[in-house]
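Just dropping this structure here.
Just so it is clear, A, B and C label the chains in written order, and each chain counts residues from 1 on its own.
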Amino acid sequence: MNTSLTLLSALIAVPLIGFLFTLLAKDDETTKGRNVFSVTILTLVSNLFLLWRIALNLDIDKRGLQLSETYNWLDYPKIDLVFGIDMFSLLIIAAIHISLIISLAGIRHRDRAKKSLYALCLLFLAMINGLFISADIYSFYIFFEAMLLPLFLLIGIFGDIKRQVIVSRFFIYNFLGAIFLFIATAVLYNHEGHSISLSSVSRLDLSPKLELCVWGAIFVSFLSRIPIWPFHYWISSINSAVRSPLVFNVVNLIPLTGVYGFIRYCPEAAPDNVSYYFYILEIIAIISMLFISLIGLINKDVQYKIFSFMTIYYIMYMLGALLPIDKILINIGFSLFAFIIITATLEMLTAYLEDEQEDKSIGAHGILCRVPKLSFIYSFLVLAAVGMPVSSLFLNNFVILSHLFSYNIRLGILIMFALLLVAGTLIQELYIFKDNSKISDDTVCIMDISTKMFSWLIFLSGLLIVTFINPLWFIGG
Amino acid sequence: MKTYYISLLPEITLLLGSLIMMLTERFRSASTPKTNFTIAKVSIFLSMVLSIIFYNQSFWPEYFKNTPYTTASKVFIDILALVSFYLGCKWFLSKNRSSLSFYISGTISVLLLSLSISAQNLLVMLGCLDIAFLLNIVFIKLYPDAEEVSPILHRYIVGFVIMNIFCIVGLYLMHSNGISFDFAAAKKAYKQIASPSFREYLSVVLIIITLFYMLGVAPFHFWFANVQSVSILPVSMFLSFIPPLAYISILINVLYNVFYPLFDTLHVFIIGCGILSVILGAIGVNGESNLKKMFSYVSLYNLGAVLLCLADFNAKGIFTGFVCLIVYILALLGIYTVLYAFKRKGDYVAEIGNLSGSSTVLPYASASFLIFFVSLLGTPPMLGFLGKLSIINYLIVQGSYAFIGIILMATLLLAYAFLKIIKTIYFDKNESGFDRVDKGVYICLTINLFLVLMSILNPSYLLHDAEPLLTTVL
Amino acid sequence: MLIEVFLFLVVAGVLPIAIKGKRLSFVYLLLLTISMALMLGYFYQNWQQGTKDNFTYDWVSSPYYPIKIHLFSNFTHYAQIFPFFLISVVMIIFNCFSKIEKRKLEQNGLICLNLGALIMLICGENTIQLLVSACVIDVLGFYIINESAARRKYIFYNLMADMGLFMLFALIWGYTESIRLSDLGKYFEQGEHRDLVCILLLLCLFIKSGLFLFQTPLQNWNILNMRTIMVLSFLSTPISGYILLFKTLPLLPLSKYSEPLVLFFAYASMVWGGIGAILIDNLRSKLIYLNMILSGLMYALLQAGLTPDTPIFASLILGGFLLSGSLLLVALGSSNEVYVSSMGGFIANLKLSFMVTLFGILAYIQVLYTLSQTYNFIPMIALGLISVSTASIWSHIYFSPSNADERVLAMLKNPLFVYWGIILILALYVLYQEGTPDIASYAILSGIFLLAISGIFNKILPIYENEQVQESDRFSDFYHYFVIGPIKVLGRVLWLTIDFLIIERTIIYTSRNTVNLLIGFFQKIHTQAKWAYPFFLILGCGMIYGSYILAEGR
C-alpha cells in the first residue's frame, strides 16, 4: 500500500481521534460537559498547531497544491485519496477552526451541551478538513457528501429548530447536489480511466456534449451549496430557524464548500464550451445578491440579516474566484479568513443577545446601551463586517472588486449595490441595538459578557486588526 | 468413491442437526431455545467447516457439483444463518416460546438452499427451491396473530402455485424444444440457437421469473413485504438474508452457466425488472411505517440494483453485483441486529413511531442504526458508498446513463424515507423507556460495526480475492 | 517629522481611551493637553524651519499590489495640516475646561486619533491611504458623536459614501492597475464610464461634506453639544470630503458635468446654509448651517483654484471656526440655552463675549474679503450670506428684547477666560496673518452690527415658532419615500412572490404532492392484495413480451 500519512492526513485524523475521545469522555452532572469541551478545544488547538507546522512547510510562491499525500483506498475502481494543500486552503481551514472555537465558547454556558454536540462538531470538522485538502476529484466528492450527515444531525438535534421538516428538506436538497457531483466525478473518472487532480478538470479534453453535461452537473452541485436564487430558500429557512451559534456557524460553512468547489474545479478558466454556463451563473449570482440583500433589509430577523450578509459575500467571492485571474485567489483566501471569523463572532454575540432578550423579556432596542464591553466588540465587528479598514476584508475585497470591475463594470456596480444594502442592513441592526432613545434608568438591562470572554474577543479583534495591518503578507507584504 | 461419500457430510450434518432437534424436543421435557440454537449452531458450523474442507468434492457431480464459488456461497449463507439463529435465540428467550419450528425449518432451509446452489440440473434445483420456499409457511405460522396470518398465508400459497405453474410450463416448453435440464447440456443447446423464437425465450423466462418471484424482485415482489409484515423478528431476519443470498447465487449460476447464450434476449427483461425493483423499492419505503416492511422494500431496491449489474452477463458485472450485495447485507444485518436492541416493555419495536427518542436511552444502538442507514444510502465514507460507487461506475462503463439517473433519484427517495427514521430516533422526544439490551446483541453489533468501519478505511479487507473467486462460476 | 507627530497622536489617542474612567484621569487629561500644545509648537517650529523628510512605509511590497503609506513632511502638508492641528488643540483645551463633558479623556483621545487620520489623509499619495484614512475618520466620528439619534444617519450616509469611494477606487485600479494618485490621469487613456466615475466621486464627497441635499446627517448633530459639533464640523467628515476632492482633482476633467455639479452643489449649499442659519431657531443648527456655507464656499473655491495648501485656506478654516466659536461663547454664557428665540438682550451680560465675537467675525470677514479680491464673487456670496446670518443671530441673541427665562438670565455670564481668550487669540492670529483689516471689512462689520440692532430680524420670530419650518426634514422624507421606501417595498414583494409564493407554495408543495401521489398510488396497488397480485402478474407478463419485442428489435 503506497501511503504517506503525514501532516495533511493528521488534519483529518486528529478530529476523528478527538471524536472518539469525546464519545468516550465522561459527561454527567458532575463534569457538566467540561471533559468533552476540553477534548474538543484541545483537538481544535492541536489542529491549529498542525496548520502552523504545515504553513512552515509551504512554499508561498509555488503554485498548486503542495505536501501531496496519497492513500490507496480501492482497487476496483482504482481510487486513491489524494491530499494536498496550498495557502488558500490553509487559511480557510485555520479560519474554520478559529470560528468553531468562537462558537464553542458561545455555547459553553448557553445550555448544557451534550457530548454528542461536540462529537458531531469534530466529525464535521474532520470531513470539512478533508474537503479542503482534497486534491483529486474522488477525494473531493467523498468529503463533499460525507459532511452532510454530521451537519444534518447537528442541525436536527441541536439547532433548536421548531419545523423539523425543513431539516430533511435541507438534507435532501444538498444530497441531490452531491449526487450530481458524484455523477460528474464518476463520468470524468471513467473517461480518463483514472482519478483526476482537481486543477486539471478544466483542462480535460471532453466531447462537447459530455463537457456540457459534466460541467452542468458540477455547476448544479456547487450551486446547491450556495444560497443562490432560486435555491437559496433551503439554506435561508435553516439559517433563520437555527438558534445555536455553533450550528449556525456550521451551516454557514456549507456555502463555502460550494464556493471552494468552483475555485478548485475552475482554477483559471473553464473550457470554452461551457462559458455559456458562466454567463448564466453571473446573471443568477447578481439576481441572488440583489434579491437576498433586499430581503435581508426588510427582514426583522437578525439571523436572516447575518445570513444575507454572508450570502452576498460568498457570492462575491465566488464571482471573484471565477475570474480568469489566478493571482486573486489568495486575496479571496485571506478575505475569507477574516470574514469567517467576523461572522462566527457576530453570530455568537447575536445568539447571546437573543438569549438575554428572551430571558429578560425585553426588546432589541438599546440592548447594547448599558453593556460597554459587548457594545464595543459588537460595534467593532459590524464595522469590520461592512468593510471598514479594521480587518483583511478591506484591502483584499478592494483587490477582488477591482478585478470584478475591470472584468465587467455593470457586474461590479451591482455587486457594490448589494454589498451596500447588506452593509446598511447590519448597520441598521447595530443602530437598533444601540438606540438609547427608549432607555431609562429603570429599564431592564442584559448582563454584559464576562471579562474572560471579553479578553478572548479582544484577542480576536486584535487578530483581525493584525490581518488588516498586514493584509497581503502572503505575497511578501 | 469414499471421498464422494464424505463430501456429503455437510448436508448430512444439517440433516442430523434437524433430527437431533426433533428428538430433543420429543425426549427432553425442558427444551429451551438455547438447546435448539446450540444444536443448530453446531450443525451449521460443522456443515460450514466440512463445506470448506470438501470445497471441490462432489458426491453426485451430474446433479450437485461443488466449486469454490458454491462453497463460498454456502459459507456465506451459513455465517448469516448462524448470526440469524443466535439473535433469534434472544427473541425466543425473551418471548419464552418454542423455537423448534424456527430452528428445524431454518436448518432444513439452509440444507435445501445449499443443495440448490450446488445443483447442476434445473429440475433438481427448482425442486429443492420449491421445498425451501414451502418451508417458509412454517416460518409464517410462527406469527402469534393467526387471523392476520391467514389471508397472507393463503395468498402466499396461491402465488406459489401460480409461479410453479409458470415454472412447469417453462420446463415443459424447454423439454418440448428438445433442451436438456442439465446445465452444461442446456448451455450447449442454447449455443446452437442463433436467434431464439418466442417459445424458446418464454421457456427460459418462465424459469427465471420463478427465481425472481422467490427472490422478491419486481414485478413479482408482492408476496415478500406481506410476509415480512407477519413475520416474527427472527423469521424476518432469516428471510431477508439467507434465501435471497442463495437465490442470487443460484441466479448467477443459472444465468451464466445455462442461459448465457441467450444474453441478448434476456438482457432487456432483466434490466426491466431491475429498474422496476429500484423504483418500486424506493417508493415503497416511503409509504411504510412498519419497519420490517420498510426493509423489505429496501431489499427490493438493492436487489434491483444487483440485477442491473448482473444483466450484462460479464465478470465485472458479477463482481459489482457482489459488492452491492455484500454492502447491502452488512448494512441490513446491522439494522436487524439493532432491531433486537429496541425493545419496549418486552415487545420488539415494529413501527417507526416507537423509535422516538431512542438516541438518548440507547445511544450506541441508535448511532449504529444511523451508520447502517447511511451505509445503505451509499453516502461516503460509509461502506454503502462502495456499493453505490461500484454500480454507478459499472453503469457508466456500460454507458447506461438513464439507469444511473433512475438509481440516484431512487436513492434520493430512499434518503427521504430514512430521514424520517433518523428524525424519529434523534430529533423526537422520548415517550417511554426502552428495555435493557442483551449483551449478545451488542457483541453482534460491535462486530458488524467493526466490519463496516474497517471496510471504510480499507475496502480491500472485505473484497480480498473476491473477484477471482467469483469468476470460478464462469 | 510628520511620522513623529503621527505616532505621538496614535499613542496620545489610544492611551486616554484605554485608561478612561480610571483614577488620576485629570492628570492624564492635563498631560495630554500640555503635550498636544507642545507638539503643536514643535510642528509649527518645523514648518517654519522648513524641515523636510520623505517617510514612506511599505505596507504591501508585492509587485502586484504595491502599497505605500506616505507621510512626507513638506511645506504643502504642513500648511494643510496646520489649521486642523490648531483646531484640535483648541478643542482639546475646551473639552478640558468643560463642566458638562463627561467623557473628556475619551473625547480628547478621539480627537488626537482623528487628527492622526486627517494627517494620513492629507499626506496620502495613493487611493488606499485615502480610503483607509477616510474610513478611519468616519469610524472615529461615529465614536465622537456618542448619541444614537445623531449617529444613525451619519453612519448610513458615510457608509454609503465610503462604499462609493471604495467602488470608485477599485474601478480605477482595475483599469489603471495603479493606486497612485499621480496615475489617476491614466484613467483618461484606459478608463470607461468617465461620467459615472466623476459623478460618483462627487456625490460621495458631497455626502461626506454634508452639502446641499445631503445635509441631514449633519443636521442630526444638533442634539450634541456645541464643542462636539465643532469638532465634527472642522475635523471630521466635512473636511475629509473636501480633502478627498482636492486629492482626486485630476479625475474631474474626465466629465463635462464635473464643474457644473461642483458649482451647483457649492452654491446651493451656501444658499441653503444661509437660509437655514437665519430661519432656524436652534443655535446648534445655526452653527451647522453656517458651516454648511463654509463647506460650499470651500468646494466652490477649490473649483476656482484655491487649494488647501495655501495660507489663506488656513485662515478661511480658522475664520469659520471663529464664527462657530462665537456661538459657543453664547451657549456657554447662557447655560447651554439652545433656542435663539428664548434669548435676547444678552448684550447686557455678555459684553465681553460680544467684543471677542466682533474680533472673530472681523477676522472672518477679512479673510473672505481678501479671497474676494482673487476669486471675485464666490467669496462675496458667502460673505453676504454670513453677514446676514450673523446679523440675524446677533439681533436675536444680543439686541432684541429678552425672551430668556429667569433661570437663564440669572446664570447669564461670560464664559471662562480660557474660552474667550483662545478665541480672541485665534482671531488676532488670523488678523495678523491677513494683515491690517481693510476699510471694507470694518464697513461690513458695521453693516452687520447696524442690521442686528435695527430690529428687522424680529420679524422672523414667528417663523421660529412654526414647527413645520423648525422640525420638518423634507430631505429625509424625500429619501424615505423615494429611495428607502421603494427598496423596502421591493424587498417585501420579492419575498412574498419568490420565497413564499413560488418556492414555498409552488415548488415545495408540488414536489411533496407528487411524491405523496406516487406513494399513495403505490400503497393502493399493494394494500389491495387481491388486485395487486393479478396486476403485477399481468405487468410481469407484459414485461416478458415487451422485452422480447425490444430485444428482437435491437
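The rule is simple: a contact is a pair of C-beta atoms (placed from the backbone, for glycine too) under 8 Å apart; a residue touches a chain by one contact, two chains touch by 3 or more.
A quick note: this is a predicted structure, and the numbers were derived from the prediction, not measured.
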{"item": "Of B-C and A-C, pair with higher C-beta contact tally", "value": "A-C"}
{"item": "Central subunit by CA centre of mass proxy", "value": "A"}
{"item": "Geometric centre distance via CA averages, chain B-chain A, whole Å", "value": "44"}
{"item": "Length of the line joining the C-alpha centres of chain A and chain C, rounded to whole Å", "value": "35"}
{"item": "Chain B and chain C, separation of their C-alpha mean positions in angstrom", "value": "78"}
{"item": "Multi-partner residues of chain B (each touching 2 or more other chains)", "value": "416"}
{"item": "Residue ranges of chain A touching chain B (in the complex, touch as defined)", "value": "1, 73-77, 79, 116, 141-143, 145-146, 148-149, 152-153, 156-157, 164, 167-168, 171-172, 175-176, 179, 182-183, 186-187, 189-190"}
{"item": "Chain A residues within the chain C interface of the complex", "value": "169, 229-230, 233, 236, 291, 294-299, 327, 366, 369, 383, 386-390, 394-395, 398-399, 401-407, 409, 412-413, 416, 419-421, 423-424, 427-428, 431, 434-437, 471-472, 475-477"}
{"item": "Residues on chain C engaged by chain A in the complex (per definition of touch)", "value": "59-62, 64-65, 67, 128, 131-132, 135-136, 138-139, 142, 147-149, 151-152, 155-156, 159-160, 162-164, 166-167, 169-171, 173-175, 192-193, 487-488, 490-492, 494-495, 498-499, 502-504, 507-508"}
{"item": "Chain B residues within the chain C interface of the complex", "value": "151, 155, 158-159, 162, 195, 198, 201-202, 205, 209, 218-222, 225-226, 264-269, 272-273, 276, 280, 283-284, 286-287, 413, 416"}
{"item": "Chain B-facing residues of chain C, complex", "value": "515, 518-520, 522-523, 526, 529, 532-533, 536-537, 539-540, 543-544, 546-548, 550-552, 554"}
